[in-house]
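One chain, chain A, links the two complexes that follow: it is found with chain B in the first and with chain C in the second.
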Partner chain A sequence: MTRRRFLSGSASVQAFRRLDQLTILARNQRFTETPVKMPGADKETDLSERIESFLSELKRCGSGAGSLRGSAETARETTALLRRITAQARWGNAGELMEIIRKEGRRMTAAQPSETTVGNMVRRVLKIIREEYARSRGSSEETDQQESLHKLLTSGGSSEDNFRQHFAHLKANVIEAINELLTELEGTTDNISMQALEHIHSNEVIMTIGRSRTVEAFLKDAARKRKFHVIVAECAPFCQGHEMATSLCKEDIETTVIPDAAIFAVMSRVNKVIIGTQTVLANGGLRAVNGTHTLALAAKHHSTPLIVCAPMFKLSPQFPNEEDTFHKFVSPHEVLPFTEGEILSKVNAHCPVFDYVPPELITLFISNIGGNAPSYIYRLMSELYHPEDHELYTGK
Partner chain B sequence: KKQHKKNKKDDRGPPEKEKEKEKASVLAPSKPATQSPAHKGTASKYVPLRSDYGYKVSLFSHLHQYSRKNPPTQQISIPATVIHPSIVRLGLQYSQGIIAGSNARSVALLHAFKQVIQDYSTPPNEELSRDLVNKLSPYISFLSQCRPLSASMGNAIKYIKKEISNIPSQCKEEEAKRRLQECIDSYINEKIILASEAISKYAIEKISDGDVILVYGCSSLVNHILCEAFEKQRKFRVIVVDSRPRLEGREALRRLVKKGIRCTYVLISALSYILPEVSKVFLGAHALLANGYVMSRVGTSQIALVAKAYNVPVLVCCETYKFCERVQTDSFESNELDDPDDLIVTRNGKTHLENWQTVKSLGLLNLVYDVTPPDFVDLVITDLGMIPCTSVPVVLRVKNVDQ
Partner chain C sequence: LIAINVTSRGREEQPLLQAVLVADSFNRRFFPISKDQPRALLPLANVSMIDYTLEFLTSTGVQETFVFCCWMSSKIKEHLQKSKWCRPTSPNVVHVITSDLYRSLGDVLRDVDAKALVRSDFLLVYGDVVSNIDVSQALQEHRQRRKMEKNISVMTMIFKESPPGHKTRCEDDDIIVAMDSKSKRILHYQRAQALKKLHFPMNIFHSGSDEFEIRFDLLDCHISICSPQVAELFTDNFDYQTKNDFVRGLLVNEEILGNQIHMHVTKDGYGACVSNLLMYDTVSSDTIRRWVYPITPEANFADQEGQSCTHSRHNVYREPGVSLGHGSQMEENVLIGRNTMIGANCTISNTVIGANCVIGDNVTLDRAYIWNRVHIANDVKVKQSVICDNVEVKHGVVLNEQCVLAYNVVVGPDITLQEGTVLSMHHPDEEDDEDEDEFLSDDDVGHSKDKTKQKVFNPAEVGSEGKGYRWKTSSLDDTEEDELAECIWGLALNPDPESDSESEVSEGSHDLGSHPASPELDDVKVFQNEVHGTLQRGLDENISCDNLVLEINSLKYAYNISLKEVMQILIRVVLEFPFHQQGAQISTAQYSSHLLPLLKKWAPVFKNYVKRPQDQLDCLASMEEVFLERETHWAALVKVLMSMYQLEILEEEGIMSWFRQSTTTDKSQQLRRNQGLLKFIQWIEEAEESSEGDE
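Up next, the complex of A and B:
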């Protein structure tokens, strides 16, 4: 009974409450046959269960053992999970909510560091919370930003005391904004495909590499009204280009599959190169599937435009400078199988998954909000994310 | 912009016509083996034409695309054939890929010709110098049906034909045959074996201690250079880059590891990842064209391109007998199309391209060669010395003047 005094939403008290409920459960179990459930316990254990299952799925799909899911799915599931956390977790003001989301976000990005869409969605939600808080307080976002710039110049003080006010409708507003974000996520592929006819003319030869669902939808949409030819580089060792080619052929698009080694050889007859990517980095560069840098260099040599179809949720505030965290490797037996036994132990084999493509090689980004040059990416980033959220590991 | 007139019926048309020609040629070999010189023009009729396989990408419809599963000897009736058995064997070895690599193919060709000369007997009222050349023509067209001739093979054949026609008419047959055998032996010795020694000597000067050398695929010359350098106690390590579907790099890897050289192995898509570690790139060549372009295994131009972007020197090693008079600016005019079924692969139990023939709009392209522009190549090491790519026509002119 003394514990009822500490009614607040901080995480440690949450843990105490859970412990309380468990002990009450245990005590009741001794005296009664059927366990008595507390009304709040359902939601919280349910929530933590969902978080745990999402984390384990993230860990599994990275190693290739689980089902490979596209980034759009991951983004949607992350956002849905964050909405659930907002609805079901206990918090009193915006600062506490942001702390909870940051903590969960850190756990999620640690589960699968190469899946950057998770971190991007966490940052989007944090920005939504900041905006809704500022709107509830009555000040507009621009003055806030100007305030912070001014503060940087003059006092350099942090706005620590913000985000502590309690607003009754904050929860509903934040959940509504997250719903809007979810609708935006669902429409990204269609928004990108709608722009296809502006970029592809008849009798073109288009080259692509590997498999990207965005590019697939883009080309299929253009194929309804135009006739063109697609060359797909198969992207060894995973050979996802084969899947892409068979899927494009179903829409009667003339497709040719070439091995990676022939990229430069056929590039002189290609009119456009259209690729997808895993992440768009903060400087406008790409972290794309391996072989993309060679493709970009060959396109630059022949002055062929390189178009990247990437939805906005792939834009990440990371820079490519951290060499040891940029690359991801998978088992080298994809490259040198175990059947080559005698030489296997004397040889180093590498199988990197991603490539860095510098922004100078890219001509255009097509995203769900339209086409942009690589030099404009930094501006888009400042609209999507708040600068204090760029690092999830520090923060208030 | 390309006009893509894909018409499935067109593809079925020519093979039917060729099958009729084959039927005609199967009946022909029952004629006696001796022919008068008037039949010179019809010699190639005795070689059955091989039919193309599968849908050819329209940009390459001027080239042949054969399947490894249909060997060229299916239409030949043995033993009543005009073609010497060692040539038949050689042709099969070429078409199945058992003998691969331009040096290996040339040497095998020359050995087969030695056998042919050994078994040759001049028919009465004929001169050896003219008749032997006529005999060789159907063999050469048969070999080109099995697999298109390489530039090195073309040069070797030109040399032999010249030697044969230079045999004086009063020379006795045994003497002539001995002379021809010696010519062939000295050609192999000078142009291939001694040339590789000379090239190794020059190339080893370019390898310093602590180097990280990148090689692509399996070039007999580059492997030889690296083994020699290792024996001369140079400290270096090698990165072998390989590509599907041929995966020739594994052969090079085996040879280098057997020698004891430290190696790393990657696929060509990981090139941008591995190139910052590399200090030099050594490439082999299939032929050097008269405008300075390097014709080599597909993927070589890509390696040269990315190496140039990372400012890594690219050295091409090539013997002078591979220099050819042809000029070419890109990989489309004259190339070779390999069996498209090689691209099919099974991963995780799924084979996506298994029924590619049934899918109407799908084509597979398996190129064998590509052409590297001379601005990507920093140095060409030949047996005559180290020259820039643009000096190839000078070497050709000097060779022609010598001969």
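Up next, the complex of A and C:
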């Protein structure tokens, strides 16, 4: 079915061009409304409408700590939207397409800087375009990854100039590759939870904090075969830990909720700490929900292994404290309710959402492609993203 | 035409959510600032207020908004056309409707009805509402109620829970709401402005439910969900001007018209209306402190070019191109606009600075709201003040709390402005000229600018190089001027005489309590003064009693005073008459010698009002009240009673039953033990017996 769509897609490229001239004419004559509704024009407005609604949704999501949707969903939506852009936008060669994707990507990341998955997916798609372009040209970009110093010296300048060549099948290929990416995204949580039995053993005491959909699935998967005890730190002030505990209880997992202050006290009994994260940073550190740093330090003190369940799409080329947008502050309502009255005019209340967890506190990452040590993150990073895409803003 | 097309297209699936945004305040609270810029466009944390309102509406899912403007409508229109709301991709279609004829909210809604703009339930907000409340739940409840009982509930008002003393509560807007706890129906709605006593009509507690709440911890967000009927009701009742009128009117006529108003109280979210500068201060600081998240300065929700700012710890926001001199500190809650330059050794806290400002060295800013292109020289101190566009503050100027420097003013050098100083390039007298027109139009301002040129700036007010006129300061004794200066900061309560007085009296008549109707109400006082004036004139000009009665009756209707109150006031006025004429220090003998002829003269007037036995009792009760206030003149009471008895205004039975009434206070018991009074009573008793004996 997809094949057919691709064909019609490439056929409409020429239609677009013609339409382009028409609209330019129309603009010159100062027509405010297009007299005849063209299917192409409809597509254009439809696309920009979709982008706008996605942007506004991004801006509004996350009034609390976690957004209304999981980051997996955000990743899927971003990728689907990028696929739509690839299919419907007007572009002639890979360079133009990358420019469009980069431009929209910049807007999307700016809309919700704390949601790094959006930027990550944009980078993944850019990388796909690079690869597909290279494949169409006959050379293999994949081998270029291991660029030696010698190669760097001789290659001279970026390869961007070469993206100008036109290939008829590029669009279809890119879309197919994006579809593959989407399939990969669909399966991430399952891939991670499949590994649960290797890490969770019978009668272990597991500690986790807040609510992570990945960890939830991970624990539930293990619970099908093994009996173990989960301690959930409630993760104030948003207390998603409560939701997590309720959800685990329904699967007949023995669950205890503790306040964040009791993490250290309980840690001595814990065999393993399994947490989720919002972002995996380039240095192998985490940007995770508030309280995770405390938890990691306590685990370190007791030499309890700390396992982070993080799908690959959470891997971001961002380094900690690179910019001010690293932290996210939300309404102080949760910390000091608005109804508190007079005291509000006398105090400043802050409500940060994320903690930075340094890589030395982390034992293992479990991603959809297997377990890795924090020191290996840089390597995964270079496999996933092209070094030129790390910074979306520096592109032309 | 387009609007209708869009509406009909949207209705196919589910009712299109529409909103009516009133981008005019219909008052002069923000004068002189709003002389140059409509209130909806004033920057709040560097974004126009109307953008906050539109963002709120859009995020709650409004798909079509009608913006109504009157004052400086062209500016608002221009602003909206440039904004993201008018882009083709905007999820919220904004239509601007302008007319110079809108004088109140009532006019706007009547126009909504006349043009048939709304098809289903709509949101009604003012252009200065800053909020992130999710109204979807309230909307759902509203629709549910409308479905359950067809068209009974016409409006759902949204309230935010915030206890007294909260800084977002503005005293002007303090309200008392009585509600039915189960159905969330509003039974009584009253502004609580400095009222010490509150009256609730008893009948509200008789109806329906057995659970009531009377709440004072609510903040009116000025967001309401209205059904199309609201617009119709405004058309039917052409005297409704404000929402207040409407709510009161509906509640009073609830039984007749059968319309109900419900409420929705939210704990989460933020909602406030920038109704004066104090609220401006509060809402700005709340925005900076991220209470309105996700509408925060760094979100750049208005999507304006170059407005993206960064947020760092202690709520310091910086737009691009900000330069900060050596040793300058941005302590906390600071927002600095693009390309603003700040000199060395400045201390800045709780402050918003607009774009392209230049600030010198050693400047201290605390709670200052500085708009765009302002120049501030060295060694300036600013505390809690608003400085508008293009103002120049010269070297060494100190602005104390609550100063306002309106557009283009120049101040200084080396001058200290007192608390509450308001400076503007418009001369305050302009306003007096224009007061004749009820409302200002753009032309008026144009005219008056020419006039301004002829007047000279006072160096004592604005400094030797200054330009601007001082408006009113609150330190002046003149009460009238006092009102305005405080008004802009919203400290003083400035009750709206029309809307409040009517409603309060109507409550008085509902009042079933045994108390004499609330004496502290303004109308009653005014009425009392009028009666006094009438009697005085009657005495001076020797007007006949019939005419006096006529005049008092017409006053009674003018002020909507009940008959009982008329009598009470009449008694009080007459008894106090000698004090007014001769001074309060006169002796008892002098008092009675003055009073008795008056009583004789006005006996027909009294007879007109005191007819039934109950009237006599009321009359006596108010006599007692007057005398209780003046202990020294108790001796005169007997003489007054005597002459009233002889003039046949009062009868024995009345006096006796008054005397035997079981009284509560010590003082009135004491009064009854007065020697003279006892003798008089005895005399009456005997007279009664003898008359009975005669028969």
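What we mean here is this: the second predicted complex is superposed on the first by the 337 of 396 C-alpha atoms of A that agree within 3 Å, B and C clash if a C-alpha of one lies under 4 Å from a C-alpha of the other, contacts with A are read in each partner's own complex, and residues count from 1 in each chain.
In this text, a contact is a pair of C-beta atoms (placed from the backbone, for glycine too) under 8 Å apart; a residue touches a chain by one contact, two chains touch by 3 or more.
Computed from a predicted structure; not experimentally measured.
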For this session: Specify the outcome, clash or fit, for chain B and chain C once both structures are aligned onto chain A.
Result: fit
For this session: Return first, second, both or neither, reflecting whether A:Asn203 touches chain B, chain C, both chains, or no partner chain.
Result: first
Exercise. After superposition on the shared chain, which partner residues are touched by A:Thr45: those of chain B (first), chain C (second), both, or neither?
Worked result: second
For this session: Examine A:Ala373 and indicate which partner it touches, taking first as chain B and second as chain C; both and neither are also allowed.
Result: neither
For this session: Using the touch definition from the top, say if A:Thr246 reaches chain B (first), chain C (second), both or neither.
Result: first
For this session: Return first, second, both or neither, reflecting whether A:Ala349 touches chain B, chain C, both chains, or no partner chain.
Result: both
Exercise. Who does A:Thr339 touch here: chain B (first), chain C (second), both, or neither?
Worked result: second
Exercise. Hey, is it chain B or chain C that touches more of chain A?
Worked result: B
For this session: Considering only the touch criterion stated at the top, classify A:Ser53 as touching first (chain B), second (chain C), both, or neither.
Result: second
For this session: Once the two structures sit on chain A together, report how near the CA atoms of chain B get to those of chain C, whole Å.
Result: 7
Exercise. Looking at chain A, which of its residues have contacts with both chain B and chain C?
Worked result: 327, 340, 342, 348-351
Problem set entry | Residues on chain A engaged by chain C in the complex (per definition of touch) | 45, 48-49, 51-53, 56, 59-60, 62-63, 110, 323-325, 327, 329-333, 337-342, 344-345, 348-351
Exercise. Quick one: in the complex, what on chain C touches chain A?
Worked result: 58-59, 88-91, 132, 160-168, 217, 267-268, 270, 289-294, 299-301, 308, 310-315, 332-333
Problem set entry | Residues of chain A defined as touching chain B within the complex | 203-205, 227, 229, 234-239, 242-243, 245-246, 249, 252-266, 268-269, 271, 290-291, 293-294, 297-298, 301, 327, 335-336, 340, 342-343, 346-352, 355-356
Exercise. Which of the residues in chain B come into contact with chain A in the complex?
Worked result: 1-4, 6, 57, 59, 243-245, 250, 253-254, 257, 263-274, 297-299, 301-302, 305-306, 309, 330-332, 343, 345, 347, 352-353, 359-367, 370-371
